[in-house]
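Take a look at these structures.
The following pair of complexes shares a single chain, chain A, combined with chain B in the former and chain C in the latter.
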Partner chain A sequence: MNLFDYTRPASVEAAIAAWVPGAAWLGGGTNLVDLMKTGAMQPGKLIDVTRLPGLDRIETLPDGSTRIGAMVRNADLAHDAGFARAFPMVAEALLSGASGQLRNAATVGGNLMQRTRCAYFADPHSACNRRTPGAGCDARGGDTGGMAVLGWSPACIATNPSDFCVALAALEATVEVQGTGGKREIAFADFHRLPGDTPEIETALQPGELILALRLPAEAAQFAANSRYLKLRERTSYAFALVSAAAALRLDGGRIVAARLALGAVAAKPWRVASAEALLVGQAPEPALFARAAAEAVAGAAPSGENAHKIELARRIAVRALTAAAQGTPDRMPALPASVFGEPAHV
Partner chain B sequence: MSLSISLTVNGAVRDVTLNDARVTLLDLLRERLALPGTKKGCDRGQCGACTVLIDGRRINACLTLAATLDGAEVTTIEGLACGDMLHPVQAAFIDHDGFQCGYCTPGQIMSAVGLIAEGRAGTDPERIREGMSGNLCRCSAYHGITEAVLDATTRIAAEKARKSA
Partner chain C sequence: MSDTLPYATRFGSNSGQSTSRRDGVAKVTGAATFAADNHPQGLLYAVYVPATIARGRVTHLDVAAAKAHPGVVEVMTPQNRPALAGDPDSKPFMFAFRFEALQDDTVRYANQPIALVLGETIEAATEGARLLNPQYQVMPPRVGLDAEAPYKVVVGNFGRPGETVHGDVAAGHAAAVQSVDVTYETPAQYHNAMETHAVVASWDGDQLTLDMPHQAIVMSRGVFGYYFGIPAENVLLRSPYLGGGFGSKSIANGPQVLAILAARMTGRPVKLMLRRDQMFGPVGHRGATRQRLRIGIDEAGHMTVLEHEALAATSTFDDFVENAANASQGLYAAGALRSAHEGVRIDIGTPGPMRAPGEASGSAALECAMDEMAERAGLDPLEFRLRNYAETEPGTGKPYSSKALRACYAQGAERFGWAGRPLKPRQMRDEQGMLVGWGMGTALFPAPMFAAQARATLRPDGSGLVETAAADMGQGAWTALAQIAADGLGLPLDKVEFRSGSSDLPDGGIAGGSGHTATAGTALHAAGVDAVRQLTAMAVSDPASPLFGAGNASIVARDGRLFVAEDASRSDSYADILARAGGQALVGTGSGGRAPEAAGRHAMYSHGAVFAEVKVDPDLFQIRVTRLVGAFAAGRIINPKLANSQLYGGMIWGISFALHEEARFDPRTGRIMNADFAGYHIPVNADVKGLEVITVHEDDPFVNALGIKGVGEIGITGTVGAIGNAIWHATGTRIRRFPIRIEDLLAHA
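Moving on, here comes the complex of A and B:
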C-alpha cells in the first residue's frame, strides 16, 4: 500500500475543501482499502467521510420520496423496517451482496462508487485501460467468463458488480452530490457510464464531488407488492453476480400497469431497457410475455470473449425475476436473499 | 504523518500513536497490542478470519484502517471469556466440534457473536448458514459451526429470559 495522508473533516464543506487531485473519499473502505492493498489504487490522501454529520439518516421527504444518506451502512438500510417494507427489492439486493461483516461496514454511497471486480483491473501488473488510460486490456482474450455482454467496448469489457445499483436503477433513484460548484442531482441512469473510449471515466461525478444522498421517488414504493431481485452466482452466498435482475410490477385487475426491469453484471452499468418494460405494460402477466420482455432486454448483447452463456443466463434470470415479481413479494426476506434456490416467493 | 487515536479494546482504553495511516485494525491488534487471537487469512476481506466487533458490530479488521477508529470500542476473541468462564458461543463451538485446524475459529466465533446479537437468523439453520457465509473454513467444519451457532443462540436466549424473569 502506498503512503497517504489521512484526514477526517468535521463538515461536508470542510470535506469538499480538503479534496485535492489524487485524493479519495473513504467510506466503509471495503473496496478502496482492498484495492490499495493490491496497488491498483494509490490515493495520496484519504478523506474519511464516515462521520460527516447528517449523512447517516434515512428520511421521508415532504414530497413522499425517501432520502438515504450516503453514509448509511448497507446492513442498516436493508434492515430498516420501514425502508424494507417500501422497497423490498432494494433490501433483497443489498442482502444478497457481500457478507454480514462487509455489509456492516460498506456504505450506500460507497456502493455506487465501487469498482469493477475485473481481476485485470485489480492486478496492477495487468494492462487495464480503466486503471491506466491507454495501457491496453489484458482481460480481452484472458479469463472472460464473467465479463460484459452488453455495452462493452474494445477498450474495456468489465462489468459493474453492484447488486444494490441494479435495484436503484430499476426504481429510478437520483443521486445528490456536492462539490466546490455547489449541489446538484444526477439521475441514476446517467450516474454510471459505459466505457466507450474512456473507460477510466466511470461515473458522472466531477473531480472532488461527494455523494451526499440517494433519493427514491414516492412512486417507487408502489412496486412493493410485486418486486424481486434475483441473482445467479457461482456459490449460493457471498459471491458477485454472474447475472442478476431486478423486476418490479404494478398490477391492477390482472394487468400490468407499470413495469421496471434492470439487469446486473452484464455491463459497466445496470442495464435497463425501456422497450422491454413497455412490452409489459397493459398486458396480463404470463410466461410468454415475460419471455418476450427478457429477450428485448438482452437485445444487442454480444459476447466479449468466452461468455456467450451470460446472454442466455441474463435472459433466463430476467424471466425468473419477472415471474417471481408477478407471484408477489415474499412476506419475509428469504433465508437466501435473491437466490433462485430459496423458497418460492408465493408460498 | 503521525496520528494519535484512543480506542477501547476488550474494555481497556488504549492510546495509540500511529506513525503511518496504512495500519489496519488487524495489524494494530496483532503487532502493536499483543492480541494475536484475531487471525490474518486472506487480508482482503474474503475469508472472515479477522472478524472482530466494532461498537458491537462484526466487521473485517483487515479492511478497517486503525486511523478511523478514534473513540471506537473493539472486542476481539480475547475479550469474550470472563476468566475461565467461556462465552456461550465459545463453549458451543467446543461442544459441537465447530473446527478442525482452528485457524478460522476466532473469526467464526466473533462473527457468530455478531450474528446472534443482530437477532435475525434465529434458530433457522439456513439463515445461520447465510449469516455466517462471510467466514470460510477450509477444513469444512461447517456442519459443526452451524450446530454450534444454533445451540449458542438457544443458550443466549435462555440466559436472557432467565435474567429478565
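Moving on, here comes the complex of A and C:
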C-alpha cells in the first residue's frame, strides 16, 4: 500500500476544503481499501467522511420524500422498519448484497460509488482503460463470463456490481452532492455512466464532489405492495449477481397503472428501459405481458465475450421479478432476500 | 502386546465419548496462538513478490526504488540470495517437491516468488514489493489440458503405479451387453485453508526456531535441516494449531524457505504470511483432470469391465499428477478393471495432495458414470451398486479388513427415504415448483497408517503426561488423541496432560491421508499401556501392595488405580504404588504403524454411502443442495462429535467441489483471475441446508490394535457424484464438468 495522508474533517465544508486532486473519500472502506491493497488505487490522501455530522440520518422531508444520509450504513438502512415498509425492494436489494459484516461497515455513499468487480480492474498488472485511460482492456478476450451484455463499448465491458443501485434506479432516486461549486442534485438515471470512449468517467460526480444524501420521492413508496428485487447468483448467499432485476408495479382494478423495471449486473449502470415499462402500463399482469416487457428490456443486448448466457438469464430474471412483484411483496423479508429460494422469514 | 494388559478392558472410558474440543475456548477467545501471532523482538516482515506472468524471465526489478521506500530493510532477488545447502530443485525425500526459491530469473508459473522484500512493517514491505515493478520477457504460456501432448504416467504419486490392470479388459468389453463411455472434467482447485501459510523464523547461531503451521511436524525438521545445511535436531518447529491444512501444509514451499533464509541473512527474526491471492500458486493445488470412464454390464447388471483413464495437469518441473483413476480400484466387483493415468505439463505451480487427492476427483467421475450406467440399464442406482457389491477386493481378491458398506447403503437409504425415488428424471417438484432430484454415490477411502512414536509418563501424584508431536488442523487431535491416551493410561481425561504440536516431542507422524488418529493414537495408547505394564510389575512384586502376588494378566487399570480383575476389593492407586517405589515418575513408550505383512493380508478402507437432494429452479437454474445424508463405516469412532464434524466437513467439501470451486485461468496469460474469496467460491452457510451423518458400527481387528480407520477425507468421496446425479435427476440434464453452473444447465434448456 502506498503512503498516504489521512484526515477526518469535522464538517462537510472542511471535508470539501480538504480535497485535493488524487484524494479519495473514505466511507466504510470495504471497497476502496481492498483496491488500495492490490495497488489498483493509490490515493495520496484519504478523507474519512464517516463522522461528518448530520449525514447518518434517515428522514422524511415535508414533500413526503425520504432522505438518506450518505453515511448511513447499509445494514442500518435495510433494518430501519419504516424504511423497509415504504421501500421493501430497496431493503431486499441491500440485504442480498455482500455479508452481514460488510453491510455493517458499508455506507450508502460508498455503495453508490463502488467500483466494478472486473478482475482486470482490480489487478494493477493488467491493462485497464477504466483505471488508466488509454491503456487498453485486458478483460476483452479474457475471463468474461460475468461481463456486460448491454451498454458496453470496445473500451470497456465491465458491469456495475451494486444491488442497491438497481432498486434505486427503478424508484428514481436523486443524489445530493456538494463540491467547491456548491450543492446540486443528480437524477439517478444520470448518475452512473456508460463507458463509451471514456470508461474512466464512471459517474456524474465531479472531482472533489461529495455525496451528501440520497432522496427517494414520495411516489416511490406507492410501489410498496408490489415490488421485488431478485438476484441470480452462483451460491445461495454472499455472491455478486450474475444478473438481477428490480420490478415494481402499481396495480389498480386488475391493471398495471405504473411500472418500473431495472436490471442489474448487465451493464456499467443499472439498466432501465422506458419502453419496457411503457409496455406494462394499462395492461393486466400476465405471463405473456411480462415476457414481452422482459424481451424489450434486453433488446439490443450483445455478448462481450463468453457471456451470451447472461442475456437469456437477464430476460428470465426480469420475467420472474415482474411475476413476483405482481404476486405481491411478502409480508416479511424472506430469510434469503432476493433469492429464488427465498424461504419464509425466521420469526 | 501379549505381555501387556489386554487393551480392550481399558478401552472406552474416555474414547467413544463426545468430548468437546479441549482447545475450543482458547480458539474462540483468541487465546490460541497461531504461527503468525508470534512477534519476537526485532521482527522483520517479509512480503514475497509474485510473478505476474506464467512463463518467461524476469528482466528487471527496481531494487533501488524499493530500498528507497521508508521502512524497507532488504530486498532479496536471485542476485543476492544467499546459497541454500539443499537444492530446491532436488527431491531428496518422499514429500519433497521442487520449488522456486530465487534459483534464477526463470518464471515457471504465475504467482511464483521472484523476490522477497523485508520491512520494519508489513505496510513498508508491501509497498516495497510493489515498487520493484518487475519487467519480464514473456513466453506464451501453456494453459489448459490441451496445451501440450500428454505423457504416460509410469510411477504415480507416492510410488503408486500409473496404471493398474486386473483381469481381461478387452474380454470385459466384449462380454458387455450394454455400456457407457463418458468423459468428465474437473477444474484446478486451490486448498485455501482459512489460515494462509505463515512462518516466523528465528536463528540463534545454527539453531533454527520456526513457528509454522505444519502437518508433519517432526519430519519437517529434516526437511528444513536439509535445505539449510543443519542437523535435524537443530530445528525446533512449533505448530500447536493450524487454521486448516487440507494437504498443503505438509510440504515445504518457496516463500517459507525464503523467509527462513531472510532471517539468517539479516540476523533478525522474520515473519511471512501469504496473502490470499498468493495461495494460488506456490503452495500446491488439485490439478485439473479429464477422465474417461468405460463401463460394461451383462444381462444381469453385473459389471464386466470398469475402465477409468485420467489425464491431469501438472507443472513443467515436477510430477504430481492427480491420481483420479485409482478411485475405481477397490470398490465395485467388475470382471475386469483398469486404471491409467496421463499427465500434461503446463505452466502452473505443481499440484499436490488436496482433500482426498485422487479419490475426490476420481470418485466424482466414477459415481456419475455409475449413475449413467444404471440409467441405461433401467436400474435404480442403489440397486445397481448392490448388484456389483464386492465381497473381496476386486482384482486382488483380498478380504476386506472390515466392510460395513451394505449397512451404510441400507441405513443411509432408509434415513433419506430413497425408496420413493422415481427412476426417471424430472419427476419431482416442490410446492414452489422447484425441480427436485435425488442422487447417490458410494464413498470409499483407504485406511492407511504411517509411523508415529509417543511417550507416556505416570507422575508421582498419579497423573499422566502424554507426548507426541501431533498436528491439529482443526480436526480435534488435541481432544481425540488425549482421549485415546487417557484410556491407555487408565486415567480420566482431566488427569492427563497432553503435550503436542512441537518438534521436540516424539514424532506424531503426518496428519494426512486420514491416518493421523489411527497412527498417533496407536502410539499414544501403546505408550500408556507400556507405562501401566511397568507399574503393574512394580505393584505385583511389592509385598506392601494389595496386589502383591497377583499375576500380571489379571490386573486391570481404571481411574488411576490397578485392580485385580476378578476381585475389585484388591486395588492400589498409581500414586501409592509410585510412592512406595521411591516417588519417581515412570515412563512408557509406544509406536504406531502397520507391519507390511498385516498391510498385505487385507484390503483396508473406510466406506460410506451419500444421498443427495437438490432443488433447481426450472427457468433460472440456480441450484441448491437441500439435503445430504451420509452413512459411513469407518472403524471405531473415538469421539462421535468430532468424527461427525469431520464427516460434515468432508460432505461440505463435496458441495464445494460439485457446485463452487474452480480457479479460472486467463487463457492468454495463464494467470488465475478469481484468486480471492469473492471470486473463488466455497459454500456459505446458506448453501449447506440439511446435513445428516450416520456412523455405522464397525469392529475391525486388522487395521490396528484400536480398530481405528479414518474420517478426515472420506466425506468428499461419494458426495460430489451424488450431487451431480441429483442434478441430473432433477433436470434430466447431465453435466459432465465440475463445478456445475447455472449457465451449463441453461445451455441444455
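By our rule, the second predicted complex is superposed on the first by the 342 of 347 C-alpha atoms of A that agree within 3 Å, B and C clash if a C-alpha of one lies under 4 Å from a C-alpha of the other, contacts with A are read in each partner's own complex, and residues count from 1 in each chain.
FYI, contacts are C-beta pairs under 8 Å (C-beta built on N, C-alpha and C of every residue); 3 or more make two chains touch, one makes a residue touch a chain.
In this text, all values refer to a predicted model and were calculated from it rather than measured experimentally.
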According to the stated criteria, A:102 is in contact with first (chain B), second (chain C), both, or neither; which is it?
first
Of the two partner chains, chain B (first) and chain C (second), which one does A:258 touch, if any: first, second, both, or neither?
neither
Quick check for you: in the superposed arrangement, does A:58 touch first (chain B), second (chain C), both or neither?
neither
Would you check which partner chain A:48 touches, where first means chain B only, second means chain C only, and both and neither mean what they say?
first
Look at A:125 in the shared chain and tell me whether it touches chain B only, chain C only, both, or neither; answer first, second, both or neither.
second
For A:1, select first, second, both or neither according to whether it touches chain B, chain C, the two together, or no partner.
both
Would you check which partner chain A:336 touches, where first means chain B only, second means chain C only, and both and neither mean what they say?
both
Figure out whether A:238 sits in contact with chain B (first) or chain C (second), or with both, or with neither.
both
On the A-aligned overlay, A:317 touches which partner chain: chain B = first, chain C = second, or both, or neither?
second
Name the residues of chain A shared by its contacts with chain B and its contacts with chain C.
1, 3, 37, 236-238, 336
Note which residues of chain A are touching chain B in the complex, please.
1, 3-6, 8, 26, 28-30, 33-34, 37, 46, 48, 50, 75, 79, 98-102, 104-105, 236-238, 335-337
Residue positions on chain C within touch of chain A in the complex are 52, 70, 123, 126-127, 130, 277, 434, 615, 617, 619-620, 622, 624, 659-660, 664-669, 673-674, 678-679, 681, 683-687, 741-743, 746-747
Using the touch rule from the top, collect the residues of chain A that touch chain C in their complex.
1-3, 37-39, 117, 119-120, 123-125, 138, 141-143, 145, 232-240, 242, 309, 312-313, 316-317, 319-320, 336, 339-341
Along chain B, where are the residues that touch chain A in the complex?
1, 3, 20-22, 24, 43-45, 48, 51, 57-60, 63-65, 67-68, 70, 111, 114-115, 118, 120, 124, 126-127, 129-135
